[in-house]
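Common to both upcoming complexes is chain A, partnered first by chain B, then by chain C.
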Partner chain A sequence: MVRAVPTWLRIAAWCFVLLTGLLLLAPLVVVVGVSVSESQFIVFPPQGFSLRWYEKALSTPAFLDAFWLSLGLATLVTATATVIGGAAAIGLSRGRQGSQLETFFLSPLVLPSIIFAIGLLMLWSTLFGTTSFYVLWLAHTVIALPYVIRTTLAVLAERDPYVNEAARTMGAGRLQRLLLVTLPQCIPGLAAGAFFAFNISFDEAVLSLFLRNPNLTTLPVQIYGQLEFSPDPTVAAVSTVMIMITLVLMVLLERLMGLNRFASG
Partner chain B sequence: MSDLKLTNIVKAFGKTQVLRDINLTIRSGEFVSLLGASGCGKTTLLRIVAGLETVSAGKVEIDGVDVTDLSPEKRDIAMMFQSYALLPHMTVRENVRFPLRMRKQGTREEQYECVNAALEAVQLSHLADRMPRQLSGGQQQRVALARAIVSNPKVLLLDEPLSNLDARLREDMQVELIEIHRRIGLTTLFVTHDQDEALSLSDRVVLMNGGVIEQEAPPREIYETPATAYASSFLGAANLIPATVSDGVARLADGQTIAVPAGSPKGSVTLVLRQENVEIAEGGELTANVVTRVYLGSRNRYILELACQRISVVAPASLTFEPGMEVRLRVGADRVRILPG
Partner chain C sequence: MTDRRETWLLLIPGLALLVLGFVLPIGRMLVLSVQDANGYSLEHFVRFFQDSYYPLVLWRTVYLSAVITFFCLLIGFPLTYIMAHSTPRVRLWLIIMVILPLMTSVVVRTFGWMVLLNRSGLLSTALRDLGLGGRSFQLMHTEAAIVLGMVQVLLPFMVLSLLGVLLRHDPRLEEAARTMGCSFLQTIRTVVLPLALPGIVAGSILVFTLSASSFVTPSLLGGARLEVLAGSIYKNVTQTLDWNFAAAQAVILFAGIALLLIPYLRLGARGHG
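Presenting the complex of A and B:
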């Protein structure tokens, strides 16, 4: 017999849900609100309505440069992380000692990124001198990898293990099985992983901050710098653009694949 | 059309021997069932024929060609899996075409013609453009069957393909398998733990137990004259009763006797009494006590105590006996089978 949930507990649960939603959404509302404010300063609630901060953001070369850098970086990171992560996941799903290797591959998730950032900075400076685009590409790929591996492994774990054997009995060789059987089954996981990889890179601040140089400032670092030294609603406008890009990507992925299947991993 | 020959097959996983010296020949076009309880090695033997499992010793020949060391993709076989193993990202049509495409049999057009014919054989032409997940279990199963027969393989391997279906669908599918086999006559090896399936589908039943072949015979023969106690108990619900035979009568543990056919083994034996061969009737030669009655609709199944042992007997529903009652059993000497030991 199922006992009814007492009313007070139900009310408490709803309050908890509301509070969680509020905490998640309120900052976004503030940012969007400030971005369309007429005021010179970052104040909430916004005063008046204007799109001047968007205009200003679009005419500030520092923001534009940072945006293109971040966009290019995120795109490249998505490509490399998806290829390497997908290959790693296929390998891991096959191997017998999978779980230990898996822990190793997923370790960037647990390792504090500040430690990784310091270590990588010191290593890179010793080997190659000043930081460059390549080190950012490398750093972001490393932290994006676990997401691709996780989502792809989740998809691989769900599949019928006999499909691959069936393909063998039907005459499919190793390469044909990889291209025609395994890879197509991985696609939903790879797509979800690619989405995460893009967002991780586009949004990443700690590594980018440590590895920056005057010619290498990503959008989050630029926003941070602006906020610190000359705060005005431009940062809010830029942040709103970032939110929009993420939203568009989410909708795209949801349309194509059904994101919620993978969020639970 | 090809024959399949297995010679001295041995398979061990570590120290566990799963198959011990299996010898089996399947004639071209024959439908053979591997029957046995789970863990008897029947699926391993099928996987060895497919090439998905290696042998520890022994030889697999298809059409006189030694394929023991050939990988599955080079063996020209088809296998149907318990889970159907359809490619989830391909339509029904592409699933069925897959073996033709991999083996480069014919041109594209010829391949699609074969696909259409195979789908027609399993009555699924109207679902050719669906994805597997849009189909019911029974439909997926028929797609798997079409995919298995489309390439006209030398040997067709079926691994419990009916066990995931509900009872009704399973019976329909049995008929379909019999008809398809009659029409195209592929050499077929069928693994099952269900004795009804084995008896109704095959030309020959191979009963396996503990990694060896217990008995192999046509269905009727193996059912009516099982060679061992294990075969008797596995095929049909037979009661096995220890007894001692002397002077043409068998004496049970409690001293009751029944006549046995002339020429039966002497000394300590096992009586095999099929439940449908034992009748509850006045004037029967044995006395037993009713323990439990199980109502089956048209019949009653009785659990009786005979010579300190439980046996199972079926009687028409018109006859009703209550637990605790004493009943007489009529057996008839010609319906008792006697196995030595």
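Presenting the complex of A and C:
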């Protein structure tokens, strides 16, 4: 038996992993650090400990309004993307349309959203004069849809096809089989897709920046605006809240589907 | 109702949504780019390429994206190799390390870099203390800042593109190479790299595409002086309100990306179910 990896390389590998971890996580740690600092300037490492910036964020209407808008938007996007994407995935899994249709459905995943953001803004402005909540809802659903389709297709690929056959032999109708056999089989995929959809919409900045107007400022857009001009530790407090929400979603995702499985799929 | 009818009924809401929110806007953007006050013309494209400023922006976008892709691959490949060869428990932690930043808003991550890179930030101070750069040296608003920030933003995409491919190999191939007398590095070069090539290509194309079309991180870390194409599009849409010119720039970006993406989509459609 040959040692797969020499010892010096094993040590080098761990140093490398630590450095990469530092690179990946440093910006997040810094933001959390700034948010609990006592100083009124943005400093890292933090000086002292205080929650005053969280208090200030909670009493800033601009942040509160943006938070509720983002939360409402993400919830609606999750619902529509899960229902429409789930249906599409079941349709695609029957697989007689070939992979071209699947490629089409997944294309918002790889085509950068800046490409269609301008067209969406232009279409909406000529039709209705200004952007509205509905266009943001539509735009976010478009980019969340492929995630739901992918997770659901992955689950459907592993199901037992004979359950459906068995149900048919036993006399279950078309709708019964769809609702009582296929749908329950999809649930882990739909749930994972729903969490992704929520995360995508809640964090999305590009489409929201293009489609923003004074009454339509999502949380990431509000943060972006502050960063362009005068960031103070309040922004860090709000950003930390966003990191915590991401963390919660990730833990749920791990419980539901297993990140291992999702990441290597 | 036939099977076919039912399948199409399931697909139609999704298709309608994509047509309304994706296909039509792209079409509108394409038309917008060739429209001017008097009808149709290519004047916006002519203006872009004849200007002394915009070709420079385009070049900066391409060259920064290439550098960012290179570093993502340089860091991403060894990291993914280690992930693929660790125990499932360790791998899970490494995956969390990669996915947590991926799932965090780009705006938040860029904010973190702004804190680290500005004049009084940890990184700029450290480099000054080491005697690199003058007294007023800072990393903010440099190309290095853009590269550093973007590598952190895009590295997870590279890792996830590679991980699936690296995990799918038969580990015995590497063992066989080692038993037959290959050194560790020889095994990497002659066995692992060729097998990982589809993932390397897919990941690089993805990172390059995303990098070329980003503006949030480049404009916050690079500032107004180091404009990239996507930043210029955003500025033309929201500040100078020259939508036709913005659309023309988006078409240029779209054309460049399409050249890279079409082969990638073919690969992707074959790769997973």
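We adopt the following convention: the second predicted complex is superposed on the first by the 244 of 265 C-alpha atoms of A that agree within 3 Å, B and C clash if a C-alpha of one lies under 4 Å from a C-alpha of the other, contacts with A are read in each partner's own complex, and residues count from 1 in each chain.
Just so it is clear, a contact is a pair of C-beta atoms (placed from the backbone, for glycine too) under 8 Å apart; a residue touches a chain by one contact, two chains touch by 3 or more.
As the structure is a prediction and not an experimental result, all values here were calculated from the model.
*Asks:* Taking chain A as the common reference, can chain B and chain C both be placed on it without clashing, or not? Answer clash or fit.
*Replies:* Superposition result for chain B and chain C: fit.
*Asks:* Go through the superposed model and pick first if A:M244 touches only chain B, second if only chain C, both, or neither.
*Replies:* neither
*Asks:* For A:A62, select first, second, both or neither according to whether it touches chain B, chain C, the two together, or no partner.
*Replies:* Neither partner.
*Asks:* In the combined three-chain superposition, what is the angle centred on chain A between chain B and chain C, taking C-alpha centres, to the nearest 10 degrees?
*Replies:* In the superposed model, the angle at chain A is 100 degrees.
*Asks:* After the superposition on A, what does A:E102 contact: first (chain B), second (chain C), both or neither?
*Replies:* After superposition on chain A, A:E102 lies in contact with chain C alone.
*Asks:* What is the contact status of A:V31 with respect to chain B (first) and chain C (second): first, second, both, or neither?
*Replies:* second
*Asks:* Is A:A167 touching anything from chain B or chain C once the two structures are fitted on A? First, second, both or neither.
*Replies:* First partner only, chain B.
*Asks:* Looking at A:I11, would you say it contacts chain B, chain C, both, or neither? Reply first, second, both or neither.
*Replies:* neither
*Asks:* Pick one for A:D203: touches chain B only (first), chain C only (second), both, or neither.
*Replies:* second
*Asks:* Which partner does A:L179 contact after superposing on A: first (chain B), second (chain C), both, neither?
*Replies:* Neither partner.
*Asks:* Counting touched residues of chain A, say whether chain B or chain C comes out ahead.
*Replies:* Of chain B and chain C, more residues of chain A lie in contact with C.
*Asks:* With the two structures placed on a shared chain A, what shortest C-alpha distance in Å links chain B and chain C?
*Replies:* Once the two complexes are overlaid, chain B and chain C approach no closer than 12 Å between C-alpha atoms.
*Asks:* Over in the complex, which chain A residues touch chain B? Could you list them?
*Replies:* Listed in rising order, the residues are 159-160, 162-163, 165-173, 176, 180-181, 184-185, 187.
*Asks:* Which bits of chain C are touching chain A when the two form their complex?
*Replies:* Chain C residues touching chain A: 1, 3-4, 6-11, 13-15, 17-18, 20-22, 24-30, 32, 75, 78-79, 82, 85, 88, 91-92, 94-101, 103-116, 120-122, 151-152, 155-156, 160, 163-164, 167, 174-175, 178-179, 184, 206, 209-210, 212-216, 220, 230, 233-234, 237-238, 243, 246-247, 250, 253-254, 257, 261, 264-265, 268-270, 272-273.
*Asks:* For chain B, which residues count as touching chain A in their complex?
*Replies:* 50-52, 71-79, 81-83, 85-90, 98-99, 102-103, 147, 151, 157
*Asks:* Sort out for me which residues of chain A touch chain C in the complex.
*Replies:* It comes out as residues 2, 4-6, 9, 13, 16-17, 20-21, 23-31, 34, 42-45, 83-85, 87-88, 90-92, 94, 96-97, 99-108, 110-112, 114-123, 138-139, 141-142, 145, 149-150, 153-154, 157, 174, 178, 199, 202-206, 209-210, 220, 223-224, 227-228, 231, 235-236, 239, 242-243, 246-247, 249-250, 254, 259-260, 263-265.
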